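Chain IDs A, B, C and D follow the sequence of writing; residue 1 opens each chain.
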Amino acid sequence: MEASAQIYHNVIMDRFRSPRSAGRPENFDAEAEGNNPMCGDRIHLYFGREGARVSHESEGCAIMIASAELMADAVAGKTPAQIRDLRADFESVVTTGAENPALGDLNALANISEYRSRIRCATLPWATLGLALKEAE
Amino acid sequence: MEASAQIYHNVIMDRFRSPRSAGRPENFDAEAEGNNPMCGDRIHLYFGREGARVSHESEGCAIMIASAELMADAVAGKTPAQIRDLRADFESVVTTGAENPALGDLNALANISEYRSRIRCATLPWATLGLALKEAE
Amino acid sequence: MSASIKLQPFDLAAIRRDFPILESQVHGRRLVFLDSAASAQKPRAVIDAMVFAMEHQYANVHRGLHWMSERTSDAYEAVRDKVAKLLNAASRDEIVFTRNGTESINLVAYTYGRAILQPGDAVVVSEMEHHANLVPWQMLRDAHGVELRIVKITDAGEVDFNSLEEQFADGRVKLLAVTHMSNVLGTYTPVERLAKFAHERGAKILLDGCQAIVHRQVDVQAIDADFYVFSGHKLYGPSGIGILYAKREILESMPPFMGGGDMISSVSYERSTWAKPPHRFEAGTPAILETIGLGAAIDYVEAIGFPAIAAHERELTEHAIAVLSEISGLRILGSAQDRGGVISFTMEGAHAHDIATLLDRQGIAVRAGHHCAEPLMGRLGVTATARASFALYTTIEEIDALAAGLIRVKQVFG
Amino acid sequence: MSASIKLQPFDLAAIRRDFPILESQVHGRRLVFLDSAASAQKPRAVIDAMVFAMEHQYANVHRGLHWMSERTSDAYEAVRDKVAKLLNAASRDEIVFTRNGTESINLVAYTYGRAILQPGDAVVVSEMEHHANLVPWQMLRDAHGVELRIVKITDAGEVDFNSLEEQFADGRVKLLAVTHMSNVLGTYTPVERLAKFAHERGAKILLDGCQAIVHRQVDVQAIDADFYVFSGHKLYGPSGIGILYAKREILESMPPFMGGGDMISSVSYERSTWAKPPHRFEAGTPAILETIGLGAAIDYVEAIGFPAIAAHERELTEHAIAVLSEISGLRILGSAQDRGGVISFTMEGAHAHDIATLLDRQGIAVRAGHHCAEPLMGRLGVTATARASFALYTTIEEIDALAAGLIRVKQVFG
C-alpha cells in the first residue's frame, strides 16, 4: 500500500478520523452549503469574521473532510483577500500536483491531482467558503 | 466494357432506346402510377383487360424502362393469376441473379441482382402493374 | 463475419486472450476490471470487424449505387437481422438503431409519448430505475401533462406487486417502463409477469434491457415486450450504437423523432412523408462502423452461448457474495431471489469514493457514486455505493483480489 | 495523440498510403473513390487511435474514479478542446457531441426551436438545403407553429439576396438556417455576410457545415455564427460522432434535448436539475471511441493544413470542370463564383442511375440520386443527378479516369 499512502497521507487520515473543526459553533457571521451532486458529498460551513474561524458539518469522503479541516487551519487569522489567494494557490496544487512550500499541510492533498474526478472532493470546502465569504461581506 | 455488358445487355439497351409499348392508349380498363422517391423514377401504366395489354409512360433509368417494356411483352395474353405468378418468378430472378428458362427475355435483367439498390428499378413496373390489376378487378 | 455460429466450450483463459486490454497494468499491477456494467471491454473480433470495414469496405450506406456502398449497406443491414435473431423479434423491421439505450428510451418518450399517450394518462416506473428510464418520463410529464408514478421496491430490491396494484388501480396507466435488471442491485425483474400484468390492465410495457441483455437470453416474443432497449457498448460492442425494439404495429403508429436524410419517403417544402419503420426513426448517416462492430459482438457472445455465460457469472456472483459477506462492516445492497453479477456495497467508516480510489491503487477498477440512480440511493438510505460488476471474462481470482483489496481498505480506514 | 502538430508538405502519394482502403480493387479495377462528400475514407491514424483505445485504454467516461475511466475521460474530453480549436470557438463548453450533423440540427430545432422560438416567428432556409436542414424545421413548423420560409437561389446556385431581403421584410424571421457549402452544387455561401445580414435584422444564424468543414478553415468567431454543425465521418473521422457548436449564452438558454445519465445535476422524482452545457445535451454513454477517432482525424487534417488541402482541391475542381465540360451532352449543375470539389451533372440520354452503375463497373464510385435535396432537384428541373466529389486524397488521374469512364457511358447510351 505504499502507493495509496501518497493519497491517503497520514495527515489526511488523521484529520478525517479526528476532525478538530467539526460542528456548529455558537456564534458565526455567515454560513453556506456546498454539495457535489455526482457523489453526494455535502458540507455545511460556518464562518466567523473575527480571526476567520471556520467550522463545518460534513458528510462525505475522507478527502473532502480532511480538506475542510486543513482549510480551517490554513485560513485562521487571514483576511478575505488572503483567503482568496490561498484558495487559488491550493487549487493549483490539487490540479497540477506540484506542491507549494508556502501552503504547509495543505500539500498533503497534492496527489489527488492524479484523480481528476476527485479534485472536486478537495475543492468543495473551498468553494463553499467562497460562498460564505461573499455572504459575510 | 465486357463486365458492364452483363448489366446493360443488348436487349435492355434496345428496348430502352426503342420502346414499343410506350404512350397512352386510346382505350384501357385500368391505370396506375408508380414512383421510386429515392431516385425519381416514375411510371404511369395503362392496362387493357382484353389480351392483357400494357402500355406505359415512363421517366427514369434504362433498367426501369426496359423492364416495363419486357414486362409488357411477357404479360400479353396472360390471365391476372398468371401475371401474378410471373411477377413472383421475375422478382426471384432479379433478387437472386439465377436465370429462369421459362422467363425468356426477362432474364436479361438477372444481373441487376448485384446492385441491391437498383433492383427496385426493375421491379417498379411490376409493382405498378399489380396496382392496376387490383383496380381492374 | 461468420455466418454459422459454432458453440465453443467455455474456456476462460482463451476468452481472456480475446480481450487485449485485459493484459494491461495499472499502477504496476495487472488490471482487475470490475466495472463492466458501466461499459464492457471489446474482444478482438469486434476490433477486427471495425478495422476491416475501415481498411477494406467502407462508404456511406443506403444512398449509393456503387460497390463500396452496396457492400457496406449489406454488412450494416445484416446486423439488423442479427439483432432481430438475438432478441427473437418477429421481424427485422422491428429493430431501430440508435446511439445508446438512453436515446432509445428518449425516442419512445418523444414519439410514442407525445403522439399516442394523452395528457392525463399515467406512466409507471420503478424505484430502481437508471436515470435513463426516469428523466425522459419526467420531461414528458412536464411537457405533455402525462402523470409519472413510482412503483415501490421491497427491501430485498424486488418490484413490490402490491404497490404496482395500487399504481394501476385507477386504470389510467398506459405504460409501464421498468428495468429488466438493476444496475445497482443486480435484481432481475419478472418481465413475463410484469408484461402480463400491464397488458391485462390495458398498458404497454417498456423494458430497459441495458444490463440484462449482457447476461441472459432475451426473447421479446416470449416476454411479450412492447418495447425493449439496450446499448451495444455493454454487450462487448463499440460505443455509439444502441437498439430500440418495438412491436411492428406500435412502430408504425409512431411519428418520426428526428428529421433528415434516409427517414423520408418524399420531401417537398409543404409536406414530407415518412419512410416505413425502422428507417423512419434513423435520420442521417448512422453509426455504420459501430453497427458492424455490434454485429461482431453478437456473433462473439452467441458463439460462447448465453447458457455458458450465465453459468459462469452465477458462479462468480455466488462466490463474490460469499467472500464479501465475510468482511465485517461491509454491507451488500439488495438480496433479490433472481440476481446477476452486479454487486453494490458500502463499508462502515469508508466512503465509496475512498474505497474506489484505494482499490484503484491496487489495479482494481470498481465504480463508486450514485450509479445514475439518485432516487434509489435515497430509498436505500445511502448517498453513494461502491459497485463491482462481472463480465464473461471475469475470474474467481479477480473476485478474491477484490476481497483482499477491501481488507486493505479496512486497514487504512479501520 | 500528438500534442503539437507539425505541418507536412503536401505529398499526395504519401497521403494516399495513409488510407488503406484506397488500395482496393473493385470489379478487377483499382478503386477510384469519388464519393467522399457522402462519407470520407479513414486514415491509418484514425484507425490506430480507435484500436489503441479498445486495446489499451477503455472504460466508460465521466462516471468512474479508476485509472481506465480517468484516462479515457481525458482522451475523450481532449477532443472537445481539439474541436474548439478547429472552429476557433471561444470556449470548449460551446462544443456539444452528437451522433451526426443531422442530430445537431434536430437538437437545435427541439430545444432552441421549441423553447426560444415562439409561434408566429419565422425560420428561413435556402432552396439548396440538405433534408437535414429542412425536415427538422418542417417538423418544428407543424408541431410549434413557427413559419418556414424558403430563400431562393440564383441560376448560378448562389443565395439570392433580393429574395433574402423579401423573406426578412416583415421582421418576423428569428433564425436563418443555411448551408455553408451545398452538397449538390458545391457552392460556398458567403457566411460572414449572411451572419451580418441576419444579426442586423435581429435573427440568429445556423450554418450547416457538414460539407464546408472538410475543405476550408472555419472560424466561428470571425463568421459570428450562432450555431455551426458538422459530422465527423465526412472529415475523415468515424461514423457515429457529430458536432454542434453554439455560442455559450445560447446554449445556456436552451433546455435539454434527451434525458438520462450525465446530463443532470441532480435527480429526484419531483424535479431534476440540469447540468451546465455542454453536458446538459449529452445524455447517456457517448460515442467514446468515435470521439477519440474524430480527434485523430482533426490532428491528421491539421497536420496537412487547410491551405494545402484547399489548394489541392481547387486544382482538382478546376481540372474536373475543364475535362467534364468537354464531354458533349454533359451538363454541370451550378456555377457559383466560390465553389468547391463537389460536382453534380447530368448527361443527355443517360439517367444518373445508369451512369453510376456503368462507372461502378469500371471501379469508379460516384453517387446518383437526389442527394437528400429533393426540393433542390425540382428547382434545377431534374429528378436526379450524378455527383463526383473530391477529398484530400483524390488525384488528377482519378478525374481523368472519370472523364474516360463517362465517354464510355456515352458509347453505351449514345
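Quick note on the criterion: a contact is a pair of C-beta atoms (placed from the backbone, for glycine too) under 8 Å apart; a residue touches a chain by one contact, two chains touch by 3 or more.
From a predicted model like this one, the values you see are computed outputs, not experimental measurements.
Across the two candidate interfaces, A-D and B-D, the one carrying more C-beta contacts is B-D. If you average the Cα atoms of subunit C and of subunit D, the two centres end up 31 Å apart. Look at where the CA atoms of subunit A average out and do the same for subunit D: the two points lie 47 Å apart. Subunit B and subunit D, compared by their mean Cα positions, are separated by 38 Å. Centroids built from CA atoms put subunit B at 80 Å from subunit A. Residues of subunit D found to touch two or more other chains are 27, 64-65, 69, 264, 266, 353, 357, 360, 368-369, 374.
Chain contacts: subunit A has residues 37, 115, 118 touching two or more partner chains.
Across the whole structure, chains are in contact as follows: A-C, A-D, B-C, B-D, C-D.
The residues of subunit B lying in touch with subunit C in their complex are 37, 114-118. Across the complex, subunit D is touched by residues 1, 3-4, 7-8, 13, 37-42, 59-63, 115, 118, 121 of subunit B. The part of subunit C that touches subunit D in the complex is made up of residues 20-21, 24, 26-27, 31, 33, 35, 38-39, 41-42, 46-47, 50-51, 54-60, 63-69, 99-103, 105-106, 109-110, 130-132, 134-136, 138-139, 148, 150, 231, 233, 238-241, 256-264, 266-269, 271-272, 283-290, 353, 356-357, 359-360, 364-369, 371-372, 374-375, 378. Put simply, subunit C touches subunit A in their complex at residues 27-28, 350-354, 357-358, 360-362, 368-370, 374, 377, 383-384, 408, 411-413.
Taken together, the subunit C residues at the contact with subunit B in this complex read 62, 64-65, 69-70, 73-74, 264-266.
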